[in-house]
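Data block below; observations after.
Chain IDs A, B, C and D follow the sequence of writing; residue 1 opens each chain.
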Amino acid sequence: MDLKYSDEERAFADEVRAFARAELDPAVRDRVLNHKRLGKEDFLGWHRKLHSRGWVAPNWPTTYGGCGWNAVNRYIHEEVLAEEGAPPLVAFGVNMIGPVLIAFGSDAQKQYYLPRILSGEDWWCQGFSEPGSGSDLASLRTKAVLDGDHWVVTGQKTWTTLAQHANLIFCLVRTDASVKKQEGITMLLIDMNTPGVTVRPIITIDGEHEVNEVFFDDVRVPKENIVGEPGKGWTYAKFLLSHERSGIARVGQAKRELRRLKEIAAAEMVDGVPLIETKTFREKIAAVEIDLMALELTNLRMIAAEKSGQAPGAEANMLKIKGSEVQQNLTELLMEAVGPYALPFNPDALEPGWNGEPIGPEYAAPLAGTYFNYRKVSIYGGSNEIQRNILSKSLLGL
Amino acid sequence: MDLKYSDEERAFADEVRAFARAELDPAVRDRVLNHKRLGKEDFLGWHRKLHSRGWVAPNWPTTYGGCGWNAVNRYIHEEVLAEEGAPPLVAFGVNMIGPVLIAFGSDAQKQYYLPRILSGEDWWCQGFSEPGSGSDLASLRTKAVLDGDHWVVTGQKTWTTLAQHANLIFCLVRTDASVKKQEGITMLLIDMNTPGVTVRPIITIDGEHEVNEVFFDDVRVPKENIVGEPGKGWTYAKFLLSHERSGIARVGQAKRELRRLKEIAAAEMVDGVPLIETKTFREKIAAVEIDLMALELTNLRMIAAEKSGQAPGAEANMLKIKGSEVQQNLTELLMEAVGPYALPFNPDALEPGWNGEPIGPEYAAPLAGTYFNYRKVSIYGGSNEIQRNILSKSLLGL
Amino acid sequence: MDFSLSETQRMLAETTDRLVRERYGFEDRKKILAGPDGFSRPMWATFAELGLTGLGIAEEHDGLGGTMGDMAVVAETFGRALVVEPYLPTLVLGAGPLGLAGSDAQKSEILPRVVSGELFLALAHGEPKSRYTLCHVDTKAAADGGDFLLTGAKAVVLGGDAADYFLVSARTDGTTSAPHGISLFLVPRSVPGLAIRAYPNIDGTRAADLVLDRVRVPASAVIGQAGHGLPTIAHTIDRAIAYLCAEAVGAMQALNALTLDYLKTRTQFGQPIGAFQVLQHRMVDMEMALEQARSMAILAADRADDPHPHERARAVSAAKVQIGRSGRMIGQCSVQMHGGIGITDEYAGGHYFKRLTLIDRTFGDADHHLARFAAAA
Amino acid sequence: MDFSLSETQRMLAETTDRLVRERYGFEDRKKILAGPDGFSRPMWATFAELGLTGLGIAEEHDGLGGTMGDMAVVAETFGRALVVEPYLPTLVLGAGPLGLAGSDAQKSEILPRVVSGELFLALAHGEPKSRYTLCHVDTKAAADGGDFLLTGAKAVVLGGDAADYFLVSARTDGTTSAPHGISLFLVPRSVPGLAIRAYPNIDGTRAADLVLDRVRVPASAVIGQAGHGLPTIAHTIDRAIAYLCAEAVGAMQALNALTLDYLKTRTQFGQPIGAFQVLQHRMVDMEMALEQARSMAILAADRADDPHPHERARAVSAAKVQIGRSGRMIGQCSVQMHGGIGITDEYAGGHYFKRLTLIDRTFGDADHHLARFAAAA
């Protein structure tokens, strides 16, 4: 047993870290570290830098311009970048539709879309959830009817992350209502600029615009924009979700937030003593740090198993649950750390380039909002209740 | 709103307290406070003292020798005695079969059994649970067949508390297997000395003998020992369980244990400081104390509602859940308080009159065992899961 | 022992219930928040008409009198409706200490105009570095002739956006954390040297940060005895906490009701999600958390004016711990069971969650009050 | 990065697994506990035959060598079977510090006889008032000619019932809690002035309290350098914690397996109770608690001999916290889901619960190690 990275792995981590430190725009890094708003260009600028280094798609085979890395290197790449404050890779292209197209897409689709994902030319979003279909995804009702050379799509998607930036959406639509609900679903690729597509922002309780509703009103989609075969959409979606798992525990991000928490707790004073030196708060930090240590090791154990050829299985659901708990715990402690300064609402302060006078310490502005916002991480991508249902069946046979 | 007892209520509490202090054998009180073993005579001696004061049956009408008190006085009586270290009233006669006989028993049964319950001449135990019927009580299989003037009973009961002291048992038995499971159940009163009744001790992980299995092997029970009508046993059992609720939160006992916890935590030293003055432990005690304050007030609110004529409803299930949590929390902290001295197993030290040299501080001997034993309080009388199922249905309509 | 409402309380409950039912729905509230002040002056006028702005103020100053228990009835209703008008700042944090310690002149000048709905008040006590420590006061009051010159900064002053008068704490003596030497001053909004930065809080209430630069006030502006302001402030904050506890109970009750309704109406996998046992049990736990919180809120209101500060502190801190924990549990579980909708701005649930979260951050969080309770035990 | 077992470890796992499967079932264990010693000397002889009593002991003293990771493999199996023989006391707490700091003479005298299965050892360090504080030593070692006279009391000495030799800590210098001045002595059981009170622990392991009244030992009995015993003791306790973490993982794994089996076979309301969602989710949480504990147990074993005491302490304390919390959660949930049967003496489940509970009480509970970790952060 050897809990340390090999020399090669360590060298690779150093290389990734050096790259991030050299190439990451300090202003963007600052926005990530301080929970400020990220603009489309913040994501894309970094995406293009990764692209020029050939590091956009760790999980794609080299044939398609990916890195073809093993599980350990993929993990190192993702965690080190997160720790360094790089914006998250917009996953919808690289980690979601990309692998689906590689596995099931037509040659034309691969040739057209994959390079545009790598270059950042296309911004994808995901059209799965609907107002009536959250945990019970397969009950979705957006329908598509073949009319000559086009699918005509009608319905509504929701929780569509960053759809305001996207020019493409991959959608699950119902093409056959006469069969079992999972069997009547088809996956379509839709240009967001097609007439009849409307995006409506959903504002969350932190005042931010991150998710959207997307309406389809007799939207005509070229027949060839189907992925694979009609009625197989559910299979592709399950494939996609199983490929979304790399870095699902978000250990790198959590380490970054833990560091930030310690900084803030060192700056906040209680009766003349730094908050981090008070027994209660210090031990709350210690408790989440231990949770995170355990999570990281559990993650590494699973990565190592994957590297040695075992397919990622039920363990990914565990990482999702524990990862979300650690993240939520951290955002909650960050909010607690600033005491009464959790109250003021100053969304302007999150805007890049804002130069106003902060209310209280500068770091306080985003913290309550982030806490509220991060309740989502135990909901999206299959709520923790759904994860436990899955584990109960797949891992325990209950 | 007035959160304080009225003058009359306070005077009554003082009277109960004075009685306990004057009449309770100090040796018995010491055994209760220090979690030592209680013998049959410890229970009975105290029972007889209460009887001579007319205070055995707060919940019975005066016609039958009860106190006929309202909910508040019943509560005061029970909680003050518990706080003072009186042995718990053995509930099976007074609180369980007594009210059932008063409501549904024949005149002969009332005349024979009720005075003997009050005087302590009879010790009842309860024959409900079976090895295959725990949470799903109605699935019980012990059967009784009428044979001339006798019921012939065959089967097994389990978790029978203090059956080793009992001379009588009230049993749920199946008398009709052809109807819905709840409708084929009958309640019988059985003399434990009847041939074919066998009691086998169940030893719990603290090494104690508190519960038993009771086997019935063609036990002949006089026909008239049926309660009410055949097939109505389930109704009587539900009635009985709803009357078991007085003092279900065990606030008085919890206050007594909290006091004990504070004493022990004041005696234990950590790096030269009493444990109770260390921030972590002090605040753990504070947290359970607050829980207990809230529980007591919630209990009083429900008692007050009951006094003003509202029947005790779903609230009793809440008190059961929260009460068990507080009790378990206290036993856990008591064990934690003694640190490494939680390890030694010295059951002799729990015996009345034991004069040996203690291992470590004298108070340590029962604590780990009590913690293990008290896991039962969230299991017996309907597990907390069952309580939540009931609340979900009755209170929330889910 | 009697947990039923008094006649006055029943009337207050009915009046405020009807008011919020008819005029303070979630959509009404949205409009109020979008208005220029972030709260509604007409609504405040209605509060005055209904006598709510006279609660806790002595009859000789045109008030209705009344106990903290009476105010708690209003607080609970306001919690259910997420009322954003500065009722706590004006009545509890402002009129409260004036009634407790103010001079006859101060009371006669201010309190009738509070009752009439004319004035808003705010307590400017917390400071940028004070966190939850009440004796931490850096703002200085320097004697200057017969006047005082106040210099310092005050942070997150609830209702400070609208206040016509501030009750400002400042040191006439002692070092930063000394319990003695703190005085309380009545300071009009328009006084020279007072800079006010008003802002909304993330839960829709409003506050302000103040900077005082040699703000001149006369000796007659001292509330109570100079140098002995801390007991009044501590008592006031304990009363405010009792108010917040009752408000939180209202919010929890409303949020539980919303959540239960959602469990019954939202269907997934062909059945209402309330059919899933895990959600059923969690909802039961939320109801238990509410009942425990309600018990402690009752206790806090009952003890908020207890003549023994030690008893008062114990009860109020215990209640604040319970409310913090119950509110957190109910808020988090409610969002989780709602799924995404629970954190959208257009749904009421998330707003209760925010309010409950910020109540825990106000006047000391659960950790702070657990330590205070443990120290007082 | 490689989490797979080494060849040695795989062999150890197979050997010990087979042994406990064949000879250490729950009924076998009951008989062992009922025997005169409360453990089995023939079983110990088998350990010796299999080489287990040579683990961690250098080859020059007839041992097999091996790391803490190797011992952890044994510990995990022993945890699964609830082995009560004094392996931890003899190998980790006894042979461990002798190997670390003992003189050649001491090692040559003792260690080969440990390997052969002839000797039991015990570390007599904790005292009636020391709780979990390692530097708290009141027992005095007074120089007397070339000898030392040891006087004091030692509490809950694991394996003290059977030990042939004790490693006794005593002060040659300093006041009660001084880190310096603690020495470690090798003391044979039969020495005059040593009173031993042996007893079972509630989990089936055994211990003793010692009273030393002017126990005379020669200067050659000092293990390592006089006055500098604490680092050796601290290192030893950290190794023992790493062992306990692995043992706890074995116990948790076995208890989870029992519980899962019960969920699948116990029927109520016409279905296996594992069909109830609340129990399903709780079982999932127990599996997660086990995985997190396993990760930290691996870390503790890896770092137990880390050359940087600070790194070692951080990792070991973090692991002990995790094991304490996971063990508590798994133990309590398992009992709850079993119902009454879970706390009967005749069912294995409750015995795992007891062992896990007492592991949390041994060498510092979760609170103690959380504070130690936080202080070292």
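What we mean here is this: a contact is a pair of C-beta atoms (placed from the backbone, for glycine too) under 8 Å apart; a residue touches a chain by one contact, two chains touch by 3 or more.
Everything numeric in this text was worked out from a predicted model, so none of it was measured.
Each chain's centre was taken as the mean of its CA atoms, and the one lying most distant from chain B is A. Just to note, of B-D and C-D, the chains joined by more C-beta pairs in contact are B-D.
The mean-CA centres of chain B and chain D are about 38 angstrom from one another, to the nearest whole unit. The geometric centre of chain C is 53 Å away from that of chain D, both derived from CA atoms. With centres set at the average Cα position, the gap from chain B to chain C is 43 Å. In chain D, the residues that touch at least two other chains are 276-278, 281, 371.
Shown for chain B are the residues that touch two or more other chains, namely 279-280, 283, 385, 388.
Residue ranges on chain B touching chain C, taken from their complex, read 1-6, 9, 72, 279, 282-283, 285-287, 289-291, 293-295, 297-298, 300-301, 303-305, 308, 315, 318, 321-322, 385, 388-389, 391-392, 395-398.
Within the complex, the chain D residues that touch chain A are 1-6, 9, 69, 260, 263-264, 274-275, 277, 280-281, 283-285, 287-288, 291-296, 298-299, 302, 318, 321-322, 370-371, 373-374, 377. For chain C in complex with chain A, the touching residues are 126, 128-129, 131-133, 136, 155-156, 176-177, 197, 199-203, 205, 207, 209, 267-270, 273, 276, 278-279, 332, 335-336, 339-340, 342-346, 350-351, 353-354, 357-358, 361-362, 365, 367, 371.
Within the complex, the chain A residues that touch chain B are 279-280, 283.
Listed in rising order, the residues of chain A touching chain C in the complex are 129, 132-136, 139, 158-159, 202-207, 211, 268-272, 280-281, 335-336, 339-346, 357, 359-360, 368-369, 371-373, 375-376, 378-380, 383-385, 388.
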